[in-house]
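Two complexes follow with subunit A in common, the first pairing it with subunit B and the second with subunit C.
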Partner chain A sequence: MVNSYLLQFAILFPLAFALILLVGGRRIPDPVTRIIAFFGVLYPALIAIWLWIAFDPGASGYDFVANVQTGLTDWVGISLKTGLNGIGLPLFVLSGVVGLAAGLHSLLTVREKVREFFILYLLMLGGLMGVFASIDLFFFYFFHELALIPTFLMIGLWGGRNRRYAAMKMTIYLTVGAMLSLVGLIALYVQSGAEAFNMIAVREAMAGQTLSEAAQNYTFALLLFGFGILVSIWPFHTWAPLGYGAAPTANAMLHSGVLKKFGLYGLVQIAAPMLPGGAEHWAYLLALLALGNVLVVGFITVDQSDLKQMIGYSSVMHMGYCFLGLACLSVVGVGGAVFLMFAHGLSVAILFLLADYVYRRTGTFDMNAMGGLARKTPLLATFFVTAMLASIGLPGPGLANFWGELTVFVGLWQWQSWMVVPAVFGVVISAIYGLRSMGKIFFGEETESFQKRQASLPVIRDLDFGEKVPAVILLAVLVFAGLWPRTLSDPLNEAVQSYYPDQRAETLATTQEQDEKIVYRGTLPGNE
Partner chain B sequence: MDDLQYFKDAAASNEWSLIWPEISVGLLALSLLVVEMLVPKMKNRLVPMIAMIGLSVITVTLVLSWVGMGVSYGESFAGLLFQSGFGESMRLFFLLGGLFICFLGYVTLQGRAIPRVEFFHIVLVVTAALMLLAQSNHFVMIFITLETVTIGFYILVSYFRNQPISLEAGLKYLILGGLSTGLLLFGIALLYGAAGNPQLAGATAEGLNLQALRAFLLNHGDHTLAVAGMLLVLFGIAFKVAVFPFQIWVPDVYQGAPTAVTAFLGVCSKAAGFALMIILVTRTFNVETMTSITVPLLSLMAIFSLLYGNLTALTQQNTKRLMGLSGISHAGFLLAGVVAAVHVDWAVWAVVFYLFSYMFSSFAVFGVMAFVEGKNPGEGEELIDYTGLYQRSPFLGTVLGIGLGSLAGIPPLVGFIGKALVFIALFQAGLYVLLLVGALSVAISIFYYFGWMRTAFFGDGPDTEKDYPAIEVPLPKRVPLAIIAGITVFLGFIQVPLAAVLGL
Partner chain C sequence: MSAETLVVILLFALPFLSAAVIGIWFRLQGNIAAAISVASCGVVALLGLWLVFFGERSVAPAPVEWLTFGTYTVNMGYYFNDLAALLLFIVVVVGLLVHIFSLEYMRKDEGKARYFAGLSLFMFSMIGIVFADNLIMIFIFWELVGLSSFLLINHYFHKPSAVAASKKAFIVNRVGDFGFLIGIIWAYWHFGTVELSVLADMVGQDSDILVTGIGLLLFCSALGKSGQIPLHVWLPDAMEGPTPVSALIHAATMVAAGIYLLCRIYFLIPPEALVVVLWVGVITALFGSLCAITQKDIKKILAYSTISQLGYMVAAFGLGALAVKNGVPVMQAGVAAAMFHLFTHAFFKALLFLGSGSIIHACHHEQNIYRMGGLRTKMPVTFVTFTIAYLALIGLPFITAGFFSKEAILYLAFANNKLAFLVLLFSALLTAFYMTRLWLTVFFGAPKSEAAEESKENGLLITVPLGILAFFSIIAGWEFLHPQAFSGILDGIPHPSGWTYLLMVALGSGAMAIGVAAAYVYFGVGSRQDRLEREHPGVYAFLSAKFFFDQVYNWYVKTIQERLALLLHFIDQIFISGLIIRGSAGVLGLCSTGLRNLQTGNLQHYLYWIFFGVVVFWILGRTVFS
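Up next is the complex of A and B:
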C-alpha cells in the first residue's frame, strides 16, 4: 500500500517541485533553486530503486496498483490508474536513474536561466515517471506529451547550433506520430468495448472477443506508425539525430535514453499483445523497416564526423534491434527487446554525457579536429571506451546490451533465420564507427587544428568529482544489470510470457526439446 | 381553448425564480447606468468594479444554489424555456465569460477617450441574453435572445467609433449578421409553416415549440419545406459560429473590433451558436430522416472548417486575425462534437467541456493581447510585436505559453482533454474521416501556435534589431490572468470540478 503511494509520489514530486519553482518566480535565489531541483531529481530515482527491490507482482501481473479519480470516469472510463508490471519496471527504473544522472549533470553545468531550465526538466522527468507507471491508457499518452513538450522548449532555449530548425522539425514529426498513436489508442479502446480506458480492462475485453481482421490490421497500423515515428523508425527517423544534436546534454540523455522508449513500450505492452492478429500481419514489414534502421542508418552513422550526431544516429540504429525483437512476437524476441531498451537507454545516456565532457575539453564536436585526448584524460577515455563497447553490444562491461542483442538474435533465428545475417552485420557496423570514434578522439596524435585551438582553451584536465558522479551512476546500473540480469529479467519474463502466447516457440519445443532450453536461457540470461 | 384561458395557463407556468440569475444580471446592467448618474466623477473606476463584483457574486450564488437546491429540470414559461443540466452549465459558462470580458474591457478601455459605462452595460445585457439563449425551447425565445446578442455586438464591434477600422468591422458584421438573421428567420417560418399545415397528419399549431416541432418531424422529417427550413436555420447559426463556408466575415471583424470584443465574439458568441446547435441538431432535428442529411452535411462543414482555419492561419501575421482563423478550426472541432452527439449521448458533454476549455485558453491569450497592444489602431497586434515577450514580461510570456499550448491541444493543459474527449466521441460515433482530419489539423495547428510561442520565448522574430520595451503588469491586473492560466493547467490534470458541473 505504501509502495503504491510511493509510485504516485515519484510522479508527483518532480511536478510539485516544478510548480514551486514556477510560482516562486525570481524571488528564489539560485542556490535554493538548485537544492529544490536536486531533491526533485533525487526522489524519483530513490523511489524507482526501492520499488525495483520491492517488486512482487500478484496474479494480475501488476504491483503497486492505485487508482485516482480525475473526473472523467463516468463518461469515458478515464482515471489515473498507476502500477508497474514486469515490462514497465525496467523502464521505470531506467527513467529514474537517467533522470538522476542527467539532473545532476545539469545542476553542475547549467548557468543560464537556471530556474526555467529546471522547471522544464522536472516537468519532463515527472512525465517520464508517469509514462511507465500508468496503467491507464489515456494518462500513458498524457504523460508522454507532458514529457515531450519541455523537450521542444529546451532545445529552442538552450540548444546548440541549428536549434530552431531542429525544434520545429521535431515538433511536427512528433506531433504527427503522437496524434496517430492517440487515434490508435482510442480506436483500440472503443472497439474493445472495455469499461475503462486502461490496459488491464482493455486487455480483458480483448481476450473475450476477436476483432475482425481488417479492424485489427488498421488499428495496429495506426499504433505501429504512430509509435514508430516517436521511436524514429526508418524512414521517419530524420528528426532524431538533428534533435539530439541540437539539444542540451541533459535533454538529449533523457530523450534518447528514456522518452523515445515510449513508443516501443506502447507497442510491446499494448499494441502487440492486444492485437495479435494485426501484429502478425505487420510483423514482416516492421522487421524490414527495422533492418532499414540497422543497415541504412548504420552506414549513415559511419559517415558522421560530428560526435553528437554520430551518437544520435547510433541511437536510431539500435532502435532497429528493439523493433526486430518485437517483430519476432515471441517471448525470447520481445523479452530481449525490452532488456535491450533498458540497456540501450543507459548506454546512450552515458555517451551523450561523455560527449559533453569531450566538448568541454576540446571546444568542438568534430571528431576530425581532436586526437590523443587519452593521454591528458585517461579516466574520460576509460569511461568512453567502456560505454562505447557496451553500446556496440560486445560482452564485457556492457553485458546488459550484449544480453539484449543476443536474445533478440535468438528470437530472430527462430522466426526468420535469414534476418540474423544482416542484423549481426549491423554489429560490425557499430564496431566500425564505435572504434573509429575512440581512435579519432582519444588515440593517435593530436591534429593540427586541435593543437592550434588549445591555445585558446583552458588547460585540459581529467574528469573532476562532479563529472564522475553521473557517469558512475549510469555505468554502475548498467554493469549491475549485465552481471545480475535476473532482478529485471525474471519479472520481465513472467509478464512477457503471459502476454505473448508463444506459438512459434511452442511448435519448436514440441518437436525438439533442445530448443526449449534455448528459449529459456535466452530469456533469462542470468539463470545459468 | 379560449384565448384568455390560454394566457392564464401560460402565466401560471411563469416561474420567475427559475431565471433569477438572468434577472440579476439585467438589474446589474441597469444599476451601472444609475451609478454613472449618481457618481459621475468616479464612474470610470467604479463601474467596471461593480460589474465584475456583481457578476462574481451571481456566479458564486449560482454554484451554491446547485449545491444547496440541486438543478430543476423541465419546461417553464409556457414552453419558452427548458431547464436542464446543459442549460445550467452554459449559464455558468456565460457568466464566467462575461466576467472576464468585463476585466478585458477594463484593460482595453483604459486611457482612451471613449465612454466606459455603456460598454459594461451592453456586455451585461448580452450576457443575460446569452444565458437565456442556452435554455430556450422555443423559436421565439431563440430569435429574441439571439437578436439581443447580435444587436449588442453590432454596437460593441464598432465601439471605437473614432477608428475607421472599428467602424468598418462593425459595418461588415452588421451586413453579414443581418443576412444570417434573415436566413434564420426564413428557416423558422418554413418550419412553422410546414408544421402547421392542416393537411398533414400530426400538424401542430405550436410549431415554434421545439418539442412540438420534433413530434411533427418524427412523421414528416422528409417534408421538403421542413428540410429547407432546417437547413436555413442551421446556416443562419453557422454564420454565428463561423464555420465554413460562412466564415468569410471573421478575419476583418476580429481585427477591427476592440480586443475585449474580439474575445467576446470569439468565445461567447461562438458558444451561443453551439449551444443552439446542440439544442437543435441533437434534440430537435434528431429524427432519422433529418440526421441522414445533417450528419454528412455538418461533417463536411466541420472538415472544411478544420482545414480552412488551420491552413489560412499558417501564414497569418496579425494576431487578432490569427485568433479568428484558428477559431474557425476550433469551431470545426466543436461542430464535429455536435455531429458525434447525434448518436453518442455523452458527446454533448464533450462539446461543453471543449467550450469551457476553449474559453479558458482563449481568454489567457486574449488577456495577454490586451496588455501587449497599443492605443493606436493596429499597434502591437502583429506577431513581431511579441518578439521576446518572455524576456520583456515573464508573467505575460508564461500566460501566453499556457494559453497557446492549451489551444494547440498539448497536455497537460485542458485543451488537450477537450480534444481527446471529442476524438473519443467521434470514434464511438463512427466518424473516422472526421477523426483523422481532426488529428491532422492538430498537427498543422502546432505550426502556427508554436511559431507564435517561438517568437515570444526565443525572440527570433523577423525584426530582432528593434528594441522592444518591457511590459509592466501591475499586481491587481495579474490576478485574473493568473487565475485563468491556473485553471487551464489545473483542469488539465484534474477534471473533477468541471466534470461535476457538467454532470448535472
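Up next is the complex of A and C:
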C-alpha cells in the first residue's frame, strides 16, 4: 500500500519541485535551486530502486496499483490510475536511474539559466516517471507530452551546433508521431467500447469483442507508425541523430535513453496485445523496416566522424533490434526487446555522458581530430570502452545488452529464420564502428590538429569525482542487470506471458492452462 | 555441495575477483596488481591441478537458471570430463608460467596493472570455456576471451599498429562468431536444447537428426578463434601484443579453444561437415608453413607456424568420424589425435614464444631475426630450451613430444585420405625448413646488431618457466607417462603397426630431415640477410604477399564497405531528410507566422504556457474521453 503511494510520489516529486522553482522565481538563490533540483532527481531514483526490490516477481498483472481521485473526479471523472507490471518496471527503473545520472551531471555542469533549466528538466523527469507508471491511457499519453515539450525547449535554448534546425526537425517528426499515436489510441478506445480510458478497462473490453480485420489493421497502423516515428524507425529516423547531436547532454541522455522507449513501450504494452490481428498483419513490414534500422543505419553509423552523431545513429540502429523482437509477437521476442530497451537505455545514456566528457577535454566532437586520449585519461577510456562494448552487444562488460539481443535473435529465428542472418550481421557492423570510435578517440597518437588545439584548451585531466558519479551509477546498474538478469527478466517474463503466446509451446501442444492464461488469442500464429 | 563444485566456483571466482579488484582499486599500482594477479593464478593452478588429477568427473549439480522467457531458458552450469581436464591442465600450467614470466618481462611497463588485470580476465574467460556446459554459455565466454585478447593485443595502445591489430582481431573474430551464433540459435530450435550432455544423448538415440548446416556454422567459431583460412588474418597481427600474451593466448590456449570446442561438440558435426573441416585444416596447415618461410620478425614466423599447427589439429579432427555405439556417441581417433597435438603444441609453442620473449627482452625489443645472431653463447638457457621446443615442433623422432603427436595425425591421414596425408607431410617438411632457418639465424654466427651484442641471459623469473616448459615439451608425448586423468581422450590416439609403423616413422623423419638439411644448405649458419629474397625475389615476393588475403580484405573494406557507408549516409542526408523537411518547412512557415507573436523570448512566459497547456489539456482530455 505504501509502495503504491511511493509510485505516485515518484511522479509527483519532480513536478512539485519544478513548480516550487517556477513560483519561487528569482527569489531562490542559485545554490538552493540546485539543492531543490538535487532532491527532485534523487527521490524518483530511490523510489524506483526500492520498487524494483519490492516488486513481486510472480505477479503477472499490475503491482502497486493506486487510483487517486483528483479534485475533478466528480465533475469529469478523472482519476490518476498508476501501477507497474513486469513490462513497466524495467523502464520505470530506467527513467529513475538515467534521470538521476543526467540530473547530477547537469547540476555540476549547467551554468546558464540554471533555474529554467531545472524547471524543464524536472518537468521532463516527472513526465518520464509518469509514462511508465500510468495504467490510465490518457495519462500515459499526457505524461509523454509533458516530457517531450521541455525537450524541444531545452534543445533550442541550451543546445549546441545546429540547434534551431534540430529542434524544428525534431518537433515536426515527434509531433506528427505523437498525433498519429493519439488518433490511434482514441480509435482503439472508441472501438473497444470501454467504460474508462485506461489500459485495463480497454483490454477487458477488447477481450470481449472481435474487431473486424480492417478495423484492427488500420488502428494498429496508426499506432505502429505513430509510435514508430517516436522511436525513430527507419526511414523516419533522421530527426534522432541530429536532435541528439544538438541537444544538451542531459537531454540527449534522457531522450535517447528513456523517452524514446515510450513508443516501443506503447506498442508492447498496448497496441500489439490489444490488436493481435493488426499486429500480425503489419509484423512482416515492421520487421523489414527494422532490418533497415539495423543494416542501413548501421552502415551510416560506420561513416560518422562526429562522436555524438555516431552515438545517435547507433542508438537508432539498436532500436531495430527492439522492433525485430516486437515483430516476433512471441514471449521470447518481446521479452528480449523489452530487456534490450532497458539495457540500451543505460548504455546509450553512458555514451552520451562520456561524449560530453570527451568534448570537455578535446574541445570537439570530431573523432578525426582527437587520438591518444587514453594516456591522459585512462579512467575515461576504461569507461568508454566498457560502455561501447556493452552497447555493441558484447557479452562482456555489460552483459545486459547481450541478453537482450540474443533473446531477440532466438525469438526471431522461430518466426522468420532468414532474418536472423542480416540481424546478426548487424552485430559485426556495430563492432566496426564501436572499435573505430575507441581507436580514433583514445588510442594511437594524438593527431596534429588535436595537438595544436591543446594550446588553447585547459590541461587535460582524468575524470574528477563529480564526473565519475553519474557514470558509475549507470554502469553499476547495467553491469548488475547483466550479471544477474533475472531480477528484471522474471517479472518481465510473467507480464509478457500473459500478453503473448509462447509460440513454441503452441506448436507442441495447446493446453487448457494456457488457454486460460492467454486472454488475447485473436489470430495469433499457430493458433488457428 | 560437492568439493568439485566448490573448486569450480573458486576457479571462476578467483580470476574474476582479481581482475575486478585490480580494475577498481589498483589501476595505478602495478606491483600490487601483479601480486594479486599472480597469487590468484597460483591458487587457481593448485585448485585446477587438484581437480584434474583427483576430482571426479561429471558430478555437476543441476545448472542454475539465469534467464527465462517462456520456454526459452539460459542456464549456467559446468560439465567436467577428461577432455575438459586436459585443457584445464594446459590452461593452469601455461597460465601460471606466463604470469611468472610476465613479472620480469613487464616489470617496467607503465601499463602493468592494466596488463595483469587483462591476464586475470583472460584466465576467467578461458576457464569459462573449459567448463561451460551449454552452447550459449560457451558463446559468452568465447566472446570474453576475445575481449581479453583484444585488450591485451591493444596493450601498447599508443602504437597505431597495435590499435589496428587489436581492432582487426576483434572484428575478424566477430565474423567467425557471426556464424557461430547463428549455428547456436539454429541448434537451439532444431534440437530444442543447447545443453551438451542432453545433445549427446539425443544424437546417441538417433544420429539422423544431425544437420550439416548446423555443424558447419558451429565450425565457424573455430575458423575465427583458431585462425583457420580465411579468417586467419588477425593472428599474425596479434603479435603486436606483449610476447607473454602471444605465448598464452595466441599460441597455447585461446587459439586452441577452437579445436577444443570442436572436440567438445564432436557429436554435432556430421560426416559431410567433417569433409569441409578436414580440407580447411589441411589447406591452413600448408598455407601457414608457406607464409612462415619469408617472415623476418621472429614472432611472425612463430605466428604463422601456429596457424599451420592449428591447421594440423583441425585436419586431425576432420579425419575422425562420428560413431555411435550402444546409443552413446563415441570419441573417435580424430578427437584424440587433435587433442594430443593440442596438448603437446601448447607446451612447445608457448616455450618458443616465451623463448622469443626472452630474446626480445634481452635485445631491447629487437624482433628482426637478421638483427640477432650468436645468441647461443650469450643466452645459454634460452638457447637450450628454445632448441628443445624447436626440435619438438619439427618432430625429432622418438624423443620430443611433437614427434608423437604429429605422427598420430599423419598416420590418421595416411589411413583415411592419401591426398591430405601428402599435403600434411609436405607441410611438415616446410616446418622443419622455416624453423631451422630461424634457429640458425638467431642463435649462430656473429651478433648482427648492438642490441644482440649486448644481450645477456635473463633472470630466474624468465628462465625457470622456460625450463619447466622444456620439460613438458619432451615428456608430454611419452604415452606411458600420460596420467589416468586424461585416459578418456588420449587412450584413443591412433597407432600404426608393423610395416605401416616403420613407413610412417621413415616418412615423418625423412620429411623433417630433408627440411632441416635444405635450410642448412640454403640459408647457411648465422646468415646476414635472406638468401631467398636476394636470389629469387619473385618467389620471395609471392610468398611474402601471403596469398593476398589482407589485400583482398582491405580492398573490400575500402572499396565496398566504406563506399556503401558513404552512399547510404548521402542518401540519408539528401533524400530522406531533405525531402521531408523541405515539404514540411512550407507548412511550418505558415504556422510560425501565426505563432510569432507568442514568442516573447522570455522563458518564464514559455514555462507558464506549458503549465497552462497542461491544465487545459487535462481538462479537455478528460471531458472528451471520459
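Methods note: the second predicted complex is superposed on the first by the 490 of 528 C-alpha atoms of A that agree within 3 Å, B and C clash if a C-alpha of one lies under 4 Å from a C-alpha of the other, contacts with A are read in each partner's own complex, and residues count from 1 in each chain.
We adopt the following convention: contacts are C-beta pairs under 8 Å (C-beta built on N, C-alpha and C of every residue); 3 or more make two chains touch, one makes a residue touch a chain.
None of these values were measured; they are calculated from a predicted model.
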By the touch definition at the top of the document, which applies to A:180: first (subunit B), second (subunit C), both, or neither? first
Touching A:152, do we find subunit B (first), subunit C (second), both, or neither? first
Looking at A:467 after the superposition, I want to know if it touches subunit B, subunit C, both of them or none. Which is it: first, second, both, neither? neither
In the three-chain superposition, say which chain, subunit B or subunit C, touches more residues of subunit A. C
Should A:63 be classified as contacting the first partner (subunit B), the second (subunit C), both, or neither? neither
Identify the partner contact of A:356: answer first if only subunit B is touched, second if only subunit C is, both if each is, neither if none is. neither
With the two complexes superposed on chain A, say which partner A:189 touches: subunit B (first), subunit C (second), both, or neither. both
Considering only the touch criterion stated at the top, classify A:413 as touching first (subunit B), second (subunit C), both, or neither. second
Considering only the touch criterion stated at the top, classify A:164 as touching first (subunit B), second (subunit C), both, or neither. first
Just to be sure I read the superposition right, which of the two partners does A:138 touch: subunit B = first, subunit C = second, or both, or neither? both
On subunit A, what residues does subunit B touch that subunit C touches as well? 22, 25, 72, 76, 138, 142, 145-146, 149, 153, 157, 168, 172, 186, 189
Contacting residues of subunit B [partner subunit A, same complex]: 346, 349-350, 394, 398, 405, 410-412, 416-417, 420-421, 423-424, 427-428, 435-436, 439-440, 442-443, 446-447, 450, 454, 457-458, 460, 493-500, 503
In the complex with subunit C, residue positions of subunit A that touch it: 19, 22, 25, 72, 76-78, 113, 116, 119-120, 123, 138, 142, 145-146, 149-150, 153, 157, 168-169, 172, 186, 189, 196-197, 235, 238, 242, 296-297, 299-300, 302-304, 330-332, 335-336, 372, 374-375, 378-379, 382, 389, 394-397, 399, 402-403, 406-407, 409-411, 413-414, 417, 420-421, 424-425, 427-428, 431-432, 435-436, 439, 442-445, 485-486, 489-490, 492-493, 496-497, 502, 504-505
Along subunit C, where are the residues that touch subunit A in the complex? 23, 27, 65-72, 74, 114, 136, 139-140, 143-144, 147, 154, 157-160, 162-164, 166-167, 170-171, 174-175, 177-178, 181-182, 185-186, 188-189, 561-562, 564-566, 568-569, 572-573, 576-577, 580-581, 584, 588, 603-604, 606-608, 610-611, 613-614, 617-619, 621-623, 625-626
Mind listing the subunit A positions that touch subunit B in their complex? 22, 25-26, 69-72, 74-76, 138, 141-143, 145-146, 149, 152-153, 156-157, 164, 167-168, 171-172, 175-176, 179-180, 182-183, 186-187, 189-190
